[in-house]
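Letters A, B and C mark the chains in the order given here, with residues in each chain numbered from 1 onward.
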Amino acid sequence: MAREIPYIAAVNEAIAQEMARDDTVVFYGQDVAPSDEDPLVKSFGRDRVRVSPISETAEIGMAVGLALAGYRPIVELLMAEFMLVAMNQVTNEAPRLRYMSGGQVKVPLVLKAGYGFTAGWAGQHTGSIYTMFAGVPGLKVVLPSTPADAKGLMAAAVRDDNPVVYLMHYLLVLEHGDVPEGEHVVPIGEAAIRRPGNDVTIVATGWTVGKALQAAEALAAEGVDAEVIDPRSLQPLDMPAILSSVEKTGHLVLADQATRHASAASIIAAEVAEHGFGYLKAPIKLVTALDATIPYSEPMEAFVLPDEHKIAGAVREVLGTASAVA
Amino acid sequence: MVERETALDLLRTMWRIRCFEERVATLHHRLQVHGLVHLSIGSEGVAAGVCRRLRDDDAVYSGHRAHGHALAKGAPMDRVMAELMGRSAGLCQGLGGSMHLVDTQHGLMGATGVVGGNLPMAAGDALAARLRGEDRVTVVFFGDGAVQAGHFNETVNLAALWELPLIFVCENNGMAEFTPRSAHTKVARVIDVVAPYDFERRLIEGSDVGAVWTAFGEYLEQARSGTGPFLLECSTHRRSGHYEGDQQSYRDALADAEWAQLDPIARLEARGKDEGWLDDEAAAGLTAHADAEVDAAVRFARDSPPLSADDAAALVYAT
Amino acid sequence: MTGEITYVKAINAALAEAMRDDGRVIVIGEDVAEGGPYLATEGLADEFGSERVRNTPISEGAVCGIAVGAAQAGLRPVVEIMFIDFITLALDQLVNQAAKAHFMSGGQLSVPMVLRTQGGAGGRAGAQHSQSLEAWLTHIPGLKVVMPATAADAAGLLRAAIADPNPVVFVENKSLYFRREPVPETPEPIELGRASVLRRGGDVTIVALSRLVGEAMAAAERLAADGIEAEIIDPRTLVPLDLDTIAASVRRTGRAVVAHEAVRTGGFGAELAAELQAAAFDYLDAPIQRVGAPFTPVPLSPPLEDGYRPQSDDVYAAARHAVQWADVEEPVPLSDTGRSRGE
């Protein structure tokens, strides 16, 4: 049975269900359940639900040690950017140990952080830096865009035997949506087609999925039938789903909240430009944040970020180019 | 004071490490052992005195200078050698190498090439032992250079705050890579760095393997009963350079007489002869035995092929 | 007037020259007063003293942060991080502080610092001392990223990097350090953001970074023997990127290969391919080929590492593939995409 709950409640439900299912799951981090009245603390006790000091390196490093010793830790990191303080643990230790040990160990670990909040959080608390994790062999990266996926991908991340960077979008946490009750696992690495269409493929992640759907509605009124794909995870990346869509539509627009240079959109564009070369009827357009630190001022922030109008504009450009060439 | 049998075991362990590493240096010159290789000649006493106390289920986290810790903890020498030579029969199938030795069967949970990167992971392992109510203990080895890295403070704080059964073992050889400790910090002794946290700590001579054995044993017993953390700071001398190939232009060679005072093997042998449980013949026998084991390890490694690229690629993610 | 010196000696000379010219330039890092493991800073402490050539503890985060503060206060620090792998310990200072200070302060602050580091595999140094992490840094607005492939470029670009008012990450390559090459006696600064065309050709454009430049030149010789003329371009700086020069070449040749040592997934080649497919869409006769390492950590075992590192053979094969594309009916099977590599 599904019922409507907010994205954040879906995340928490998944954590509680996984902790109940598997007593090796532990959850700690800054400001996690500071009160003993917190439902997680009441259900699972202080041993499994801990507040830690502001010590990202030690928090993540300890989680790696716990994972090596057979636990499945979830570390709350609040902001994706705070992982930059501990990148040695995130990239040199956690994802490499399995390979460097010749397969002797595994590191089942979830690094949970928020990203993408705008509305004045400015330069150091908004960054969409997921591409920095997606390029690290050994890490997996998931970006849920709906409440159901927020639950299902958290369950999958906890059950995965690898370090998974789980990035929840701060602008989506209060969005409501249908979420299955009970066990709900979304396999990591499978894209979702959010809207089928035949004229152009729009690939969007996180918060830009909603923007892409709004753009698709506006385009439908103009007689343009857009397909919207949400990869849901960047590593592994469901390239077959994207390529088969592009084979059908011949046109691709990529929406990405991250800054343009070396973004996740670049990775997808390069793959499609190479493996879908014969399908493309027009150049791929990338709709991303401008290459700037996120500004504090509201109008400046809107200027820098992608939105539904920019996505729809890119689609018109791509299709217009196509007709000119034809 | 250590028992005769224990003393002989410690001596045997130190000779195994010494002969192994001397051969590694030769093989490195001949380009048969590869990459960044850091020898622990001069600090075998710490590896032996600590690791010979431990059970297989006690975890050791080590750093870039890990050969001695691995051998003393029970990692088979032939597989350590095969790892250093990049072969599929190596501990890590040739994918890790000298700086990244892992042997989960013997509780060697990881060695890191990034100074201090192992500290928080060891604390995590100790937390796991605490959560499960196990009586096993976690030991983390690090050099004095790591103390100035940020991870050290974060980890010491958490380990003290959560009272984890973790024993910090600092091998203070007075050199952080290529420069002396005095160029890195005003605080000469690591035990003084952690003083405000007020857990048990002690500075001993790492070249006195009996002292290491005894002091570590006291901490181990307490940690087994669930208390912690502890810091055992062992002063040692790094006989070799920071890495093999280091010209060491930054320091003068030690006189032989000085080295004899700092060499844990020479010290224990002298004591054994004084106390009458060792003679020249028995000492030569230990060395010859260790050398023969090294010979066999090299033969074992040479017979092993490297891993295939496909097999290596399959180890990036656990399935 | 030119002489022959090594890449690392060219860096050393450029540092000395910059320190002589400008009293604000200081050099800080682990063991820099002794010259460091590759002797890039050899002799600087003797000439300029220990106030301006400062050894630091093993504290990458603090050292990088100190450089940011010193730069904001008007010095021109050159920090050495011994291996690019250790930049992971300093990313907060570099990404959250250095890169953003000018923008977030509305232009009040500037951070004229250079972070020198070196990357690349081939040293049998395993997975934590061999990486190529430059793509990370190109994703951060506010940072400039320089990757010289020759001794002369290393000297000239380092002079420009030190003179630049922004934080510049200067990525050297350990495999290049001891090659002897001609350099000008007194190297002039080379403007950041200008690609270098090392070889002219009309059949295929090969864009190569750092060590791969030499590999691409070797591949071009083999291609020439096959009757294929390759144009070789070294961007030299990834940010700012001289896309005009590269795109003009691709429009002319209709075929492009991008070659670097970093892993393909998320490597800078993906960024170049994304730009080029748009800038030269109507001119491309074949898909843009990318040469990079497989999506695994760097293995220690020598035969595995040799197989892991992209070589001239890989560049040659990619160029041949691009040139012969018209004969290939079907797109390349998906076995080579990021997804299958990730599983």
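Note that in this section a contact is a pair of C-beta atoms (placed from the backbone, for glycine too) under 8 Å apart; a residue touches a chain by one contact, two chains touch by 3 or more.
Predicted model only: the values in this text are computed from it and were never measured.
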Could you tell me which pair, B-C or A-C, is linked by more C-beta pairs in contact?
A-C
Hey, which chain ends up farthest from chain B, C-alpha centres compared?
A
CA centroids of chain A and chain B: separation to the nearest Å works out as 41
Inter-centroid spacing, chain C versus chain A (mean Cα positions, whole Å)
29
Rounded Å distance, chain B centre to chain C centre (Cα mean)
36
Touching two or more other chains - residue numbers and ranges from chain B
93-96, 100, 112-114, 150, 307, 312, 315-317, 319
List, in ascending order, every residue of chain A touching at least 2 other chains.
88, 92, 99-100, 137-138, 140
For chain C, give me the residues that contact two or more of the other chains.
61, 85-86, 88-89, 126-128, 295-297, 299-300, 342-343
In the complex formed with chain C, which residues of chain B make contact?
34-36, 86-88, 93-100, 112-116, 145-146, 148-150, 176-179, 183-185, 246, 249-250, 306-307, 309, 312-313, 315-317, 319
Touching chain B in the complex, chain C uses residues 30-31, 33-34, 37, 55-62, 85-86, 88-89, 123-129, 294-297, 299-304, 307-308, 341-343
What residues of chain A sit close enough to touch chain B in their complex?
26, 47-48, 52-53, 55, 57-71, 73, 88-89, 92-93, 97-108, 137-138, 140, 161-162
Write out the stretch or stretches of chain C touching chain A in their complex.
61, 85-86, 88-89, 91-92, 95-96, 99-100, 103-104, 126-128, 135-136, 138-142, 239, 262-263, 265-274, 276-278, 281-282, 284, 286-290, 295-297, 299-300, 331-332, 334, 336-339, 342-343
Can you check the complex and tell me which residues of chain A touch chain C?
81, 84-85, 87-88, 90-92, 95-96, 99-100, 122-124, 129, 131-132, 134-138, 140, 189, 235-240, 243, 258-259, 261-263, 265-267, 269-271, 273-280, 282-286, 291-293, 295-296, 325
